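In what comes next, chain A is part of two complexes: it sits with chain B in the first one and with chain C in the second one.
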Partner chain A sequence: MGRYIIQRVALGLAILLVAISVLYALMITLPGDPTTVFLGPRATDEMRAVFSERLGLNNPVPVQILQFWGRIFSGDLGEDVLRNRPVATPVFAALPNTLILVLASIGWSAALGILLGAFSAACRNSLVDRVTGVLSVAMLAAPSFVVALWSLLIFAVVLNWFPAIGAGEHGDLADRIHHLVLPSFAIGLAWVGYIARIVRASMLEVMGENHIRTARAFGLPPHKIIYRYALRIAVLPAVSVLGVGVGGLLSSAVFAEIVFARPGIGRLIYESVISRNYPVVMGSMLVAIAFFVMCTLAADLVNAMLDPRLRTSKKS
Partner chain B sequence: MKAALDIRDLSVDYHTRAGRLHALRNVDLLVPDGEVVGLVGESGCGKSTLISAVLRLLAENAEVPGGEIVLDGTDLLSLSDAEMRLRRGRDVSVVFQDPMTGLNPVLTIGRQMIDIQHREALSRAARRERAVDMLARVRIPDPASRMDSYPHELSGGMRQRVAIAMALMMNPKLLIADEPTTALDATLEVQIIELLQELQGEIGCAILFISHHLGVIAELCQRVVVMYAGSAVEEGGVRDIFHAPAHPYTKALLDCDPGRIRERRQTLPSIPGSLPDLTAPPPGCIFADRCTKADAGCGATQPPRIDTAPGHWATCHFAEAMR
Partner chain C sequence: MSIAERSSFKYTAVGRLMSDPLAVAAVTIIALLVLCAVFADAIAPYDYKALNVRERFAPPSFVHLLGTDNLGRDTFSRLLFGARIALFVGLTSVGLAALIGLMLGMVAGFGPRWLDNAILFLFDTLRAYPTIILALALGALLPPGLGTVILVVVLTTFSEYGRVARTQTQALSAQEFIDAERAMGASPARILFMHILPNVLGPFFILAAINLPVVITIEAGMSFLGVGVAPGTPSWGATLKDGFDYIRNTPWLIVSGGIPLVLVTLGFTFLGESLRDVLDPKLRKER
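Take a look at the complex of A and B:
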């Protein structure tokens, strides 16, 4: 297990390094001088020279990339030149809101999706199975920003059950959860159907395997066979899909944060792009990439926890 | 003679696209208390369906139009699902063919052995102890630490020992062994057979032993049932069956056993023809098409069960003449 974790973490770090390098390469290959890109067209030559010196833009490109790595890993995401503050300040202020939103969306949608999928497989061709099947496709087909707008209209404006905008008062947990409901509903909805379909298909496959016949031949209670013996194997593909799908969730989060006016990474990226604040865009992108890499890593580790065959290195 | 398992006139149909498939037709099978009965027959003869029927784990498209499966005095077909579930693994248990896929891959051996004691009023520690004890009895080295192993960490032979330990842990009255050695190599096969013999002596359960391997059947069993295309065609003591088969199919099967061929020859003997279409079985003898002895009567009328010796019968018009 230890070796497996080290392998996975090392791979994650390598991916992160490559992603950071690519991001940096994108910046210096953008049309025009990076100083113009960063400082805007109205910067003076003097300002540009100072800026180039400070960012090490006069060094060879590989050295620049190494220096960039160094700055990133010491927590320096660059400087928000437009507002004269470190990029890290707005990014890390926005990050927790996005993390909470994404994790809450994954949490409720995965839990419900897995249960629905297991139930559909256990009662195949029942009414619940058919209804879940139709709903799953419907949920998958609905774009998250449409769901966000409609749920905002119905639950916040017409019914007035949930607040329409913001992330709630700091320190007031109930209020923050109250503000979380609609955005996480909008983002997670598509995933419920998706996860339910994956789990149902893999559950049906697992239920036909010999070891399930063995469990039944020993008279184990049906709910135990389904939820303990089969589901644990059937969720493996769903976990992998979730790990990668977090990227998709992040982009849905951009919409949700704009629609619900939640302070978060998505909205920060959007606003920075609008105001051409490239350092902040880059800093937020970096954090988003790191989050994505960590999520795929987490998915691998969860799978290794569930499936012992993954964590033993192949001997024969 | 008290019977551990007495199957009477059992039929099983499958609903398929091609129509109703008569997988078992009027099968009679008796496993006396404490005896080992062999069940032989080629692939597709209904052995697996028979096991599933006894456990009441038939596929969803199966139907039992008639018959009785009497286990220790109770007709299993008359039980409710819940009552049947309580008997599985306790009154009747199974060792399946493929040890590589028969155990749950994501749970430890110990966990699975403890879970199957779900009906016992024992503490968790006592269950664990019982499982360790059972692993020791099937000669798993260092049983206590093996409890924490996962199936993929054990060899095929070890896994089959674990499967046997699980099947015998609740002291069942009947053990069904479904080709337990087919997936193992020859040396392991001998070890597993000896282990089964020894444990059967200790526990005193009856065994229904299913195998292609006639040598193993001769070694292990007191009685033999021969099945062909969903019917039991002959039943008798192991010596009678091997030395004086009363059904042409049994004789053909024995002639095909590589272990009994004495002289060198280019091709191995086989039974010409193939299994009949079970969606529309012929009106007469089911084996008539492939039988060297068959005449016009065989194809028209079903042969009755003819007793050729005490406890030895065959369903063949020529059963008397065969001996």
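Take a look at the complex of A and C:
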């Protein structure tokens, strides 16, 4: 197990290094003069000279990538040249909002999805099961940004039940939760269906196993067997799937943050892309991709802990 | 049951598919989409790019079935042409991604260990970019247009096909009939293309059907964010963006722009599900 962990962590770090380096190389090589890219078309020649000197833009590309990593490892995400502040300032101001949003979405969708999945497995082939099955696929299919737009229109613009803009006042918990409802609904809806399907399938598998049969032979009430014994094992695949799904969650979060004008990493990336503020684009993407790679890694490790077969066969 | 009965229509793959009401609904939706895309010129009541400032923000009526946008363009006509874009981007990028994934996956599954590891590393690295975040990065660097959309989609999806092709190839090349081929002196290329390829293709169609709506959603999402199609192109995502910008003036844009997207996603997802049940029950867990 120890060897497996080291291998996976090393691979995860390598992936992160390569993925970010490629992105950085693209940024500095693709569209002509990098100083124009980083400083914008209105930069003076003097600004450009100072900037290329400071970032070492006259060096060959591999050296520049090494210098970029050198800055990152010394804790410097770069400088937001357009607004004269470190890139870390907006990035770390935005990060908690995104994390809260993602966690809230996972939370409600996992709770509902697990319940629905367990229920349809318990009443297999009943009308409820059939309807849940169709609904799960339907929820899975609804694009999250359409759900976000429709819920914005219905619940914020027409009915005025929830606020349309922002993340709420700092320190006012009720207000912040009120602002969280619609975005986390839009992000989580697809996951309800997905988790319900996974839990249903693994429930059916678990229900056929020996210890469940034994419990039944001892005369335990069915609801106790289902919700106490079987469900405990059946939710594990759903947990591991969530880790891998964080990428999709992050993508949905970009849309939810834009539609509901919520300050967060997704919105920061979007706004810096639109204003061509490349240092902020690079810094915020670094954080987002690192977060995603870590979640995938964590999911892999959790999976391996639960299922020893995965450890021995290194090939996924 | 006689053999004749067994081979009757009801027991063919298509027959089984058509006995599933959801599959029938799915096929109907997809057929409608294709019809809209092909005959968009004939059905559309207006030119999709014709501006009409006097009738801007017009609500749905018999003159403009789904209303007009902030520039007075007819929403219904734009959505019809949007079907064309969705289908074009979907089919092109799914085709390209499947082709690249197939090639790399078969090479990885059949080739030497180091090559397998290198290709797997490539797949893993591409998986590290959340789709929309990569789309935003490339959208910032490349000019907007269908080419950029297709590039982003292919980059983020081909590794999925690659993985399936690799697993299938590995499983197949351990089988006896491949050993027999090798013993008879068949070249690796012959083994790959004559014996492994036909066996890999089956799961690919299911994966493609499941991925098509994902791709169409990515296109709409990118266009919604303004890093997709060029301005003025009647993509469904662009219609939603116009609706979002003028949500208090033209709520019908958000409603009607989202409906085709949801319908198409539902159609292809249900079709993919049914195809999977009919063709390959083993693939149920893949996603």
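Assume the second predicted complex is superposed on the first by the 254 of 316 C-alpha atoms of A that agree within 3 Å, B and C clash if a C-alpha of one lies under 4 Å from a C-alpha of the other, contacts with A are read in each partner's own complex, and residues count from 1 in each chain.
As a convention for this text, a residue touches a chain if its C-beta (ideal position, glycine included) is under 8 Å from a C-beta of that chain, and two chains touch if they have at least 3 such contacts.
What you are looking at is a predicted structure, and each value in this text was computed from that prediction instead of being measured.
In the superposition on chain A, A:I106 contacts neither chain B nor chain C. Note on chain A: of its two partners chain C and chain B, the one contacting more of its residues is C. In the superposition on chain A, A:Y229 makes contact with chain B only, while chain C stays out of contact range.
Shared-chain residue A:G219: touches chain B; no touch with chain C.
Contacts of A:I195 after superposition: neither chain B nor chain C is touched.
In the superposed model, A:R276 makes contact with chain C only, not with chain B. When the two complexes are overlaid on their common chain A, residue A:V18 makes contact with chain C while staying clear of chain B. Using the contact criterion defined above for the overlaid structures, shared-chain residue A:C295 touches neither chain B nor chain C, since it reaches no partner. Touch criterion not met for A:V239: it reaches neither chain B nor chain C.
Looking at the shared chain after the overlay, A:H211 reaches chain B, while chain C stays out of its contact range. Common to the chain B and chain C contact sets on chain A is no residue at all.
Looking at the complex, you find that chain A touches chain B at residues 209-211, 213-221, 224, 228-229, 232-233, 306-309, 312. Residue ranges of chain C in contact with chain A, taken from their complex: 22, 116, 120-121, 124-125, 127-133, 136-142, 163, 170, 213, 217, 220-221, 224-227, 240, 243-244, 247-248, 251, 254-255, 258, 261-262, 265-266, 269-270, 273, 284-285. The touching residues of chain B, when paired with chain A in their complex, are 55, 57, 85-90, 93-94, 96, 98, 101-107, 115-116, 118-119, 150, 152-153, 163, 166.
The touching residues of chain A, when paired with chain C in their complex, are 11, 14-16, 18-19, 22-23, 26-27, 30-31, 134, 137-138, 140-143, 145-146, 149-150, 152-153, 157-158, 201, 247-248, 250-251, 254-255, 258-259, 266, 269-270, 273-274, 276, 278, 281, 285, 288-289, 292-293, 296, 315-316.
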